[in-house]
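What follows is a single structure, written as structure tokens, with notes after it.
Chain naming follows the written order as A, B, C and D, and within any one chain the residues start at number 1.
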């Protein structure tokens, strides 16, 4: 019978996440990649192939930006390609790395994510307006935050969730980020701060939202044989999943991310996880907005529909809670250079499962973690399940 | 396949739009040093990779081959050789150029790299691969720290 | 080795320095213009808007009536079968109140945006539009609304031929 | 079972060695894992046109997908789990074009992803996903709606490095002119030989009902055409086309159930040279040399000129066909032009190259170009290429380059029985 190859993460690297960084995209990608290689104790010549994740070209302002980033990603004269699934890219690119190795084609794979949103000037917001349908949506003067506010409001309405409950996520994540050395917006804030912050698109307020950022992240993947040679502490990618829902988002009920559930089920099945709530020790769901963390906990089957706010209120998702969620500080605290932010989550799970997360370390020797990202028109879910 | 198709050409609709907005690009860590030297001193800098024994022009933060960080900057020659060239007759919008542009890849002496730039002060028929050329800089007060601070490359004896 | 790494790379630039030209940069505005072919479904949709009507497509297999119209059924993967007019009235599925314009600048008067499930289309099938003649606080989930159209002479065959949707009394 | 199948296959002396190696390999690997073979089991194509104003890109994709699933005998909603689509945002006029793909190819609420590259990269991605055990049946989509683009060269210019190259302006295809000049200089190939490529491909396209730019022209016609980027003339460049290709892939056992003529993916390779114009190799297609090396190793090909019967390779510009033939080690460097002149690369020659008409004859359909080439190899290997059918072929190769200003390319080796 066909037996799957196991794939391990053996190194990770991250740049600072900031509103503007001086480095070019290539230089950012290089810094993260170099750090990942160094941490794995590998050289570029040990790498067989490279996969890159990066969100819209309209941020960096380079058409075919994957081609521009070849050298920064360490792909000079190597098999190299870029995957792109909107906001889901950052976690998805780890999945792409997985199939490069699991297919048996390569023993090692560099997985790199880069975003330089500050090139889109004065605000990356313009790039977001071009994600919409040019006939149905763009003529209305649409703004990216509109659609998330619509989704958030629907979610709140269906389950009767209050803004106070949602704000707790922002408080927690920005607080967690105080311990993250790369964080852009770490802060000690209160629920009142969130509720009193400027209204952007009701019910979305300033402190419900992650910032725009520049940054890069990278991990090194290796086959079982190689992983065992280079480290005695590999973290295995045991399950990968991804799923896209219909383009026609106004034809769907936005209260629940079915596509995240579909992606999670794919990954859980592969990893042999039957009861995610019990078996997963630490989770990094995508949190560009605070309500998304709750939404995604439900999609990841970490709780029942509508139950995530309650768990949050009870402190279950705190770093020292029963199910630590976004111990890194998430996008709300660390920042959101789209694809790099997603891969940052994979890096965090890697560090957590290795017990190397320092002040961010969740207690109790976590063995299984999940990272998840979300994107496109509220339609993409990508999930990676990792074990130590 | 669709059960209906458009059969009357007057029924066809198009929707126009664009993806145009403003961008600013930082020059990067290596790029800033490179363009500062061009702007202030009309000097061309390269970055040396000791491991691979290459001098990159334009300079880079890292060696793409061995991935070492490069921090040794060296001044290189303003002269080089035409490695290849072409004569462009059309502009970006497809219209015919009034004056054809001679583009060339110029290998700067003793380095890895050089410039893809325009040639000036030369007839397009006279350009040859292997021809010696030299960078012509804008006047200092006009230089802004961009690749355009080099006006073009011109033939030298 | 997050705990073991002391320094993380990245040289920060203040947005103000960028704004005020203290950081050397190259500027560019791309040329990227398009004329997207609207195709069979959307050409008809736009023509109907110009006449003050909203047209949908129906899939005979699943029975769904969908708008915006499409020539394929995404769930059955087969061609849709027929054109169906739907009403310009409906209910609010979800809404939000925007203080931000498309370019992220701040609006004095907010725009209320909503997903409106149209009468005559299948349940849950809505379109995005803006609301008018209503205060943000008075908007409710499930509220009935009706399209307010541009006058015939001003319509161009665009989604903006509907100026906005406004609340109407329960029928 | 697998061994039996292998032995049952006709083992020609030509590839006996590689088969033997494969069997030895198989027993060795069996302890650890068993790698799956992957086949193309269905293809669908809209055909290529200079313009498709009556259809949206969604309707174009729906047509190709419908045809591909019909060809494979599968229902995408029931049978297909994995989907890969290929697009670049600025070709489409959308940021995150991934959003607009699932419905019309049957992928809603399924496992779909976008690879921002040519369709051939997408095919390789799908191949890897199946080999890794993620799916049994998968579909790959690539399309071009080039006629939706009003400022093609402006968008290509936007791909240039923003700091070092783009500010100089100009039509970015000067890069092709630079490359052509250097290639001709290094190999002593001539403009006439390049013109022969154009004549051959446009003529081949006359027999291809999918092609948009078939023509019966002479070498003089090409040489006399308007100079664009000397030595590159108007007819040396392939014109843009719209079109869509969808393909269905399946793992070995499933593939055999679905069709009597699975086309096996024997080897894949892809590679990128430096993105910097300043340090790139201007005379050689390093990306394709390395990609071919990888694909040949996987497919057990030691003598490409002999072991491969048919080539569908990138000819976005006439000289590229010659350069790529040499990069593929089909002939020695500097020989491709001569072989073309002598007619060796004609459809009935010893080395048939671009029997479909290539991009010069079919049209350059942006990221669909690679799949157009794979499509031709599949049809040829199935024996369904009608007037274009090359006789007695067992192995075919498709190759693509990602166009100006990139230095990236991919190669695939396909086999019939």
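As a working rule, a contact is a pair of C-beta atoms (placed from the backbone, for glycine too) under 8 Å apart; a residue touches a chain by one contact, two chains touch by 3 or more.
Quick caveat, the model's predicted, so the values are computed rather than measured.
Shared contacts of subunit B and subunit D, meaning chains that touch the two of them, come down to A, C.
Counting C-beta pairs in contact across A-D and across A-B gives the higher total for A-D.
Subunit A and subunit D have CA centres that are 33 Å apart. We define each chain's centre as the mean of its Cα atoms; on that basis subunit C and subunit D are separated by 37 Å.
Spacing of subunit B relative to subunit C, judged by their CA centroids, is 41 angstrom. Multi-chain contact residues of subunit B, defined as those touching 2 or more other chains: 1-2, 5-6, 12, 14-19, 21-29, 31-32, 64, 92, 146. Among all residues of subunit D, those that touch two or more other chains are 53-55, 59, 62, 89-90, 93, 95, 102-103, 108, 150-151, 154-155, 157-158, 162-163, 167, 274, 276. In subunit A, the residues that touch at least two other chains are 20-24, 26, 58, 61, 63, 71, 76, 118-119, 121-122, 126-127, 130, 134-135, 246, 248. Chain contacts here are complete: no pair of chains fails to touch. On the side of subunit C, the complex with subunit B involves touching residues 11, 13, 18, 23-38, 40, 42-44, 46-47, 71-72, 79-81, 157.
Subunit D makes touch with subunit C in their complex at residues 52-59, 62, 69, 75-77, 90, 93, 102-104, 106, 108, 145, 147-151, 154-155, 157-158, 162-163, 166-167. Against subunit B, in their complex, subunit D makes its touches with residues 53-55, 59, 62-63, 66-67, 89-90, 93, 95, 150-151, 153-154, 157, 162-165, 167-172, 174-175, 177-182, 185, 226-232, 274, 276-279, 282-283.
Here subunit B touches subunit D in the complex through residues 1-2, 5-6, 9, 12, 14, 16-19, 23, 25, 27-28, 31, 56-58, 64, 83-94, 101, 103-105, 112-118, 124, 129, 146-148, going by the rule given at the top.
In the complex of the two chains, the subunit A residues touching subunit D come out as 1-5, 24, 26, 55-58, 61-64, 66-71, 75-86, 92, 96, 98-100, 102-105, 119, 127-128, 130-131, 133-134, 240-248, 258-259, 262-263, 266, 270, 375-377, 379-380.
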